[in-house]
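Shared chain: chain A. Partners: chain B in the first complex, chain C in the second.
Now for the complex of A and B:
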């Protein structure tokens, strides 16, 4: 029993929505499975060359330059490897398994994600780990790793889970966050953690200007940072610019203007 | 059976199922680990009077603890999951959380959970923070020296309580030397603890008493001073007797601990005043587990 390798036949077409194309759901040649491309639904094998390959329970996608939306949407188990870029909503409402993107991914990646692991080697778009469009609940579990930078509103309304970004993030990172952890290796854009209720935003560079609505709790040792560092190092996602030892960080508490008890932790050099 | 001139009697130790858990306590230095762990395992010699039996299983170097600091593995046993949960929360809350710089983690993964930080978190008065790291949940509770980090739950396993053997020696000095040798050996066995002071019991008990209301009383059959006056099991030439009581996470650990302890005792030999080794039982009527000395030492 092997997995499947799907290669796009006509890369120049409109975006392909891969909702429902998941590891283990494809039997044999993928007969009976349809996907939406543009405004029409097509048989999967009309748009993809489907071959057996890869480990059992896995799915390898070769976009060949096409835009693939909703890769891994609702995935509960198995592994998807995207040998290129993803479109929007990668890992949408994902519950388990692993989604690996070797390139970049678009907006709303990990939107309303509940579990599993999303690993993006390149950049991610806006609304990473945020609610689905029109929704009110952000990421509720799972782990997201981004090797590059991410756009605006990362972790908005996030409720649980861990997001790690090696590079920079845009505006309103962790806005209206309820719980969970966001780790940013680079800088952050305007209004970080606006209206944050709870949760942790961990970074190495203090936001400039300092976020309004936050009070400075001073420096202290935070033992859980050692556990977090060990966990992220296992997966190679502890940001390169972060200290390799020590648990000392400055803590800003807020957003007090929203009655929040969240925290911005700004790591100190060991 | 004789080992090095020491008689190993053909009898068995009778032991009982108990529910147990392992906790990992860490702190900034070995001294503060000791302070927390010793306090936490204080007054925990017997479930009859203390609610649980507990002791430090072993000290842990920084590379073996979750947070890279010095630590100790502590085992706690009780008769029911409810009582164990109560004892764990009381002892961690009063003895570990109060100790400067401490943190507390679950030392067992498999088994039904009982609350740890999930109960203690309320001390944070709303400022506590939950964190899930590596699939495990922790509570960060603000305290006066910073933050107390505590895992949310710990797992319970069905262990064994009351494994034992009894050292019969010529005099009190010889008995104590033999017992201390056994304690040193048993402390090297993973998964086993000796809950009594220094690992040794000098007041072994029998069931019942001439006095109403007492469920246990001194083990007259093993009191050398009563030998001429009661139905005694003290052989000629024995002037002092000490017992080692062992709790463990499984029967295999009890066996390993008894073997190590008896071997260390017998290793001193008859020349050191060790006369015999026997074990405590109730005729096999009460305990689910029987550890026959000859099988243990085979």
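Now for the complex of A and C:
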């Protein structure tokens, strides 16, 4: 038994919401499966050329330039490979399995994610690992790796899990974070970790200006960093800007203005 | 074109018909009398064995305006979980407790409703509310302007303005905002909230203007009468949801001093302090007073179990409700010089004592108030539950066995705290037709709605008799809007535009100078721009004016 390869028939059409299109869910030619495209619901095979291919339990999507939203939403097992860019909400509320995006992805990727792995080769949009619009719970588990940069509010209200970003992040990264770990290889925008309660935000460059509401806990060696490095080597995603060795980092504790005890770790030069 | 609706059993309380088998004739969107043997109908619809009523009218449902939009934003999870795709006729949308505008119209029409009225339109939100109501298809709409906490009125009262001057200001406000009626929400209380006060008794002077809520209430009720607005002052009373608040409710009735007064969502205002839990039903006390005073009408605001969102201008009540928010998020804010806004998501649980007793109190009120012309079927959508729960509510009123079965499923303490189990009354179809059709039309002054006599708009609903009244009222066979078939077996088959109902009471334009000065000094725009033009309502093509009769209503 093989997986499926879905190729968009009409790339210039409106965004296609792929909620419910998951590995192992497509029987045969995908007959009976419908998705919302723009404002209307259509049969999946009217929008995609569906063929057998790829390993069993996998799904290969070829957007051909079309906007595919909610790729892997609610996914629990299997693997999805997107040979191009994703739209918004990639890996939304994912519980398991692996979603690999060879291009970029839009806003709300890994929103409310609970488990599994999301790997994005390019950039990610705003609200990576944050709650869905109107929601109160950010990412609650799983691993996200981004090869490029990410937008504003990465890891907002995050509760558990690991997010690594090779490049830069925008404003309010880790704002209102409750737990979990975010690692950023590049620079970060204004107001990092605003109103953070707990959790770890690991940076290799000190934020400028320094975040208000944090107290300096001094520079120390952190064994945790070596363990994290080992873990990330497994995923092959240790941010490029980070030193390859060394466990020394300055620890800022806060955000005290919100009664928080989270940590902002700024790596020292190895 | 003449259409004959042949042989249906007609329930039309306004014209004294209670299950009379007869033919109805429709010409050009209006019901006409029997045209005689000579006139051959162009179309005949056989309704033998079917039940026929006028289109239902919801007198109190929050369907448009600022707070409804905030509720939609807060209930984003619900909108995602209940997304509706476009189907060729109805547009896409979603939501249950706070449905999107288009979905609101489609759902109402599917249930046989042809009109719903937004009961709390703040003047500063009026333009937005009208734009949104124009986006609600298939049903007629209208709104009640909220006064009683606005700085100008309170200033006028504080400076001793006379009854005539107050009436002129109210008349200006109703005209400027294109409203159908006047509503007061916790009069004086929302203004007091802005000065950090969390409670205001009926006879307690407000913190800034030193005007008592009783004074505001009587002034507005008198102004409504003086202007001859058909609908009496629509009052969201004091201390909403607070145990023991029945005293304030009875005080309000006393303050009306014989003037007509409509008490909104009285279920939330009928609480006593008896029993171990210091929370009890005062429905019997209130019902006794309402039964004895023909100047008082009420809508119930029944609680229905499940997730909903509460949205109200009453910041005082909503601020105290924020600790009960579910999911845990809320928004409470002041709105310009008008009033306020509080939106708190809430889940009513049948196993929670307070919620279950609220459910029982609402049903007690329905069953204890004897006159169906003065009690209206509402859930205060979405505050007590979404309007889509009306068919379930109708079944609870019409089927005692079903009601008792539901009562037995509630929190075990509740049956001991309510007399609901001993109430034998079951509503008849005629009474349901009264409280959902004839009575709302009459109390709102809609002369050509809510009945099936000659001259009435041909808003007609056809049902198949079914012992399960919920099923019957959930999916009507046919719904006609202005003579046009829009729903067949619960599905929309044609799109139609509703109308916006307004009144235009006469007032002395001299008041506009004072209003203009107030706007110049305090507001973000000029009074002349604040006023909504006729061409702004449904593109200038949808206004229905109703008659004001000073001194009569």
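Following the convention adopted for this analysis, the second predicted complex is superposed on the first by the 270 of 270 C-alpha atoms of A that agree within 3 Å, B and C clash if a C-alpha of one lies under 4 Å from a C-alpha of the other, contacts with A are read in each partner's own complex, and residues count from 1 in each chain.
The rule we apply is simple: a residue touches a chain if its C-beta (ideal position, glycine included) is under 8 Å from a C-beta of that chain, and two chains touch if they have at least 3 such contacts.
A quick note: this is a predicted structure, and the numbers were derived from the prediction, not measured.
J.: Is the arrangement of chain B and chain C around the shared chain A a clash or a fit after superposition?
T.: Pair status: fit.
J.: Look at the residues of chain A and decide whether chain B or chain C touches more of them.
T.: Chain A has more residues touched by B than by the other partner.
J.: Identify the partner contact of A:181: answer first if only chain B is touched, second if only chain C is, both if each is, neither if none is.
T.: A:181 sits against chain B, while chain C stays out of touch.
J.: A:133 in the overlay: touching chain B, chain C, both, or neither? Say first, second, both or neither.
T.: second
J.: Mind working out whether A:41 is in touch with chain B, chain C, both or neither, as first, second, both or neither?
T.: A:41: touches chain C, not chain B.
J.: Is A:261 contacted by the first partner chain B, the second partner chain C, both or neither?
T.: In the superposition, A:261 touches chain B alone.
J.: Mind computing the angle chain B to chain A to chain C from the CA centres, in steps of 10 degrees?
T.: Here the answer is 120 degrees.
J.: Quick one: minimum Cα-Cα distance, chain B versus chain C, in the superposed arrangement, integer Å.
T.: Shortest inter-chain C-alpha distance (chain B to chain C): 25 Å.
J.: Give me the intersection of chain A's contacts with chain B and its contacts with chain C, in residue numbers.
T.: none
J.: Considering the complex alone, what residue numbers of chain B touch chain A?
T.: 66-68, 103, 126-127, 129-134, 138, 140, 146-147, 149
J.: Given the complex with chain A, which residues does chain C contribute to the contact?
T.: Touch residues, chain C against chain A: 73-77, 79-80, 83, 85-86, 91-92, 327-329.
J.: Over in the complex, which chain A residues touch chain C? Could you list them?
T.: 36, 39-41, 132-136
J.: Would you tell me which residues of chain A are touching chain B in their complex?
T.: 141, 160-162, 179, 181, 198, 200, 220-224, 226-228, 230-231, 234, 261, 263
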